[in-house]
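What follows is chain A paired twice: with chain B in the first complex and chain C in the second.
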Partner chain A sequence: MGIEIIMTVIMGFTLLGAVIAVEIKNLLSAVIALGTVGMGVSIAFLFLMAPDLAIVQIAVEALLLIFLIRATLKPDIRATHAHIHPVGLGLVVLLCLGLIVFGFFAFQPLEFGKPVMAQRSEIPSSHYLREGLRETGAANIVTAVILDYRGYDTLGEATVIFTAVIGALTVLRAKAHRKKGGPK
Partner chain B sequence: MKGMTIIVQTITRLVKIFILLYGLYLTLTGHLTPGGGFAGGVVIACLYILLTLAYGRQWALRRFPRRLAGSLDSVGGFIFLIVACLGFGFGGMFFVNFLERFFPGRPFALLSAGTIPLNNIAICLKVAASLFLVFIVMAGARLLEKKDRTYDYKQEEEE
Partner chain C sequence: MVFPLCFALFVVGLYCVLAKRNTVKIVIGLAVMEYATNLFFILLGYRKQPRLADVQAPIRVSVANLDDFFFKAVDPLPQALVLTSIVIGVGVTALALALCIRLYQRYGTFDIDEMRRLKG
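This part shows the complex of A and B:
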């Protein structure tokens, strides 16, 4: 019961940070508020016993995001004020209410903190937990999964990062490469 | 981009070695404790970004040029692919952990888990160099506001 109260408080803090990040005028303050969202999610991962995710979350969302936006934008840029359409607002409220009702009934029969996938013994995740140390030799089961059992997936992620960097370098380059006689 | 004040520069000089050590620790012990190549690479990239913000863009690019960053990026991806292909050569399948099969290490030792530490180092190189490249490119880009409230794009020249 205790963990649920802690998670509710942390998620409320995160939601507050997200609302402030959307509503505040100064862009740099909005980025800092977004960093508190990453911080809250990182603490939630720590309480849910996922330290790998917590480290990545705090490094990416709380540090790297702020650094990137600080370096790219001027700090005194102000966000434009968006016009809120009443029909759209009503649709968003309806969608949120529907999600809350769906979540309340969908997660009612499940006990908090008990993964559904761990209740049967012949599925892959149970096999990883039982045989991971013997088959890969890695004490950290997360690393064993992402670099041994799911190596293809990590190779795909590396390819995605590589392609993204090539795209950024190509689009944001200093000098254009023009052919001779091509359009100026 | 110019550097920051002498206070920021002094603090950066004091903490930079600890940040680098933490990134290396996360990478090299990724198969034993929480962490791994991605987290270590992000921490090292954050160190580069901190140095760039504190000392200026020219200072950082003189010590860690863009061409070297691009090479490290490619080398990281290449090591990852080579290890996977060696698994095909020695173990019979793509991505098989052939080092653990032939030289099984003691669990919880630093040299254990076969190819997993190699892959961690490769991913660390790749992520650190990639994020630094993206940062350098985006920090050089400037949106110039024109008189009619539209924006023009300009990239700062190197050197």
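This part shows the complex of A and C:
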């Protein structure tokens, strides 16, 4: 069985999960459906030979589900109107249909299974594959790239995560905006 | 057919962000878009072989036969970048959810139109 068939099946499943997550009324069910999307993407990573990504995706997915369930588990959530104003909704649906048609034709010439690395030999990916073990001593080339060749990138990632966590803690702080002499 | 399906997943997320009024639904749409983008990059870096079992992950299991590894391994660079992107994505989503929880505590609703009306 070819990789295209496997990927089509997995992505059909993922697409189904995404549509359910978007359209279902109950928020908790939507969150669970989003979880199936994440797990489908993780399985796709496994078939595309990216085991590190599959592991990270599963770990992150579990964490994200905990956050989302914490946000939606309220006993008194009232049902909201699902959509925006009808005219705007029509425009959005037209835009999305147009985008799908555009994507269908725009991605046709892009051939699956032939990365740029295989067509040109002087790009960084080829260098990493050929010299990665000798230059960094890491057998896993992905690890060699994120922790050695592009270590500053990972430092920036840590900065972004730190900022996001500080922002979330600031937003969720129980005692907000109480200064000395300010309004009680 | 694989790339248009991935783009369709992205468009589903975009529709959710544009057309829904519930803030948690908007965050779900952002997460779907993020998944689609990550998957697209990994699809771009895949190298197809005649047999499925011949494709290798970018992990050197033996020091010998470098050429065999060089011509069968998939592209490691998109994998490294997407690894960063996944972790940043969960940070961004957590921050957006914190804003949703805060807005719910302030206005008692997830509906963005109702929030605007309550604000006056």
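Rule of thumb we're sticking to: the second predicted complex is superposed on the first by the 132 of 184 C-alpha atoms of A that agree within 3 Å, B and C clash if a C-alpha of one lies under 4 Å from a C-alpha of the other, contacts with A are read in each partner's own complex, and residues count from 1 in each chain.
In this text, a contact is a pair of C-beta atoms (placed from the backbone, for glycine too) under 8 Å apart; a residue touches a chain by one contact, two chains touch by 3 or more.
What you are looking at is a predicted structure, and each value in this text was computed from that prediction instead of being measured.
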First (chain B), second (chain C), both or neither touched by A:172: both
First, second, both or neither for A:154, with chain B first and chain C second: both
Contacts for A:92 in the overlay, against chain B (first) and chain C (second): which applies, first, second, both or neither? second
Tell me which partner A:124 touches in the superposition: chain B (first), chain C (second), both or neither. second
Of the two partners chain B and chain C, which one touches more residues belonging to chain A? C
Given the touch rule stated above, what does A:137 touch, chain B (first), chain C (second), both, or neither? first
Report for A:56: first if it touches chain B alone, second if chain C alone, otherwise both or neither. both
Of the partners chain B and chain C, which touch A:35 in the superposed model: first, second, both, neither? neither
Intersection of the chain A residues that touch chain B with those that touch chain C: 51-52, 56, 60, 63-64, 67-68, 70-72, 133, 139-140, 142, 144, 146, 154, 161, 164-165, 168, 172
Enumerate the contact residues on chain A facing chain B in the complex. 51-52, 54-56, 59-60, 63-64, 67-68, 70-72, 133, 135-140, 142-144, 146-148, 151-152, 154-155, 158-159, 161-162, 164-165, 168-169, 172-174
Mind listing the chain C positions that touch chain A in their complex? 1-16, 18-22, 24-25, 27-29, 31-32, 35, 38-39, 42-48, 52, 55-61, 63, 66, 69-70, 73-77, 79-84, 86-95, 97-102, 104, 109-111, 113-114
Could you list, by residue number, the parts of chain B that touch chain A in their complex? 1, 26, 30-36, 38-39, 42-43, 45-46, 49-50, 52-53, 70, 73, 76-77, 80-81, 84, 94-95, 97, 100, 104-105, 107-108, 112-116, 119-120, 123, 126-127, 130-131, 133-135, 137-141, 155-158
For chain A, which residues are in contact with chain C within the complex? 1-4, 7-8, 11-12, 14-15, 18-19, 21-22, 27, 30-31, 34, 37-38, 41, 44-45, 48-53, 56-57, 60, 63-64, 67-68, 70-72, 74, 77-78, 80-84, 88-89, 92-93, 95-96, 99-100, 103-104, 107-108, 110, 112-118, 124-126, 128-130, 132-133, 139-142, 144-146, 150, 153-154, 157, 160-161, 163-165, 167-168, 171-172
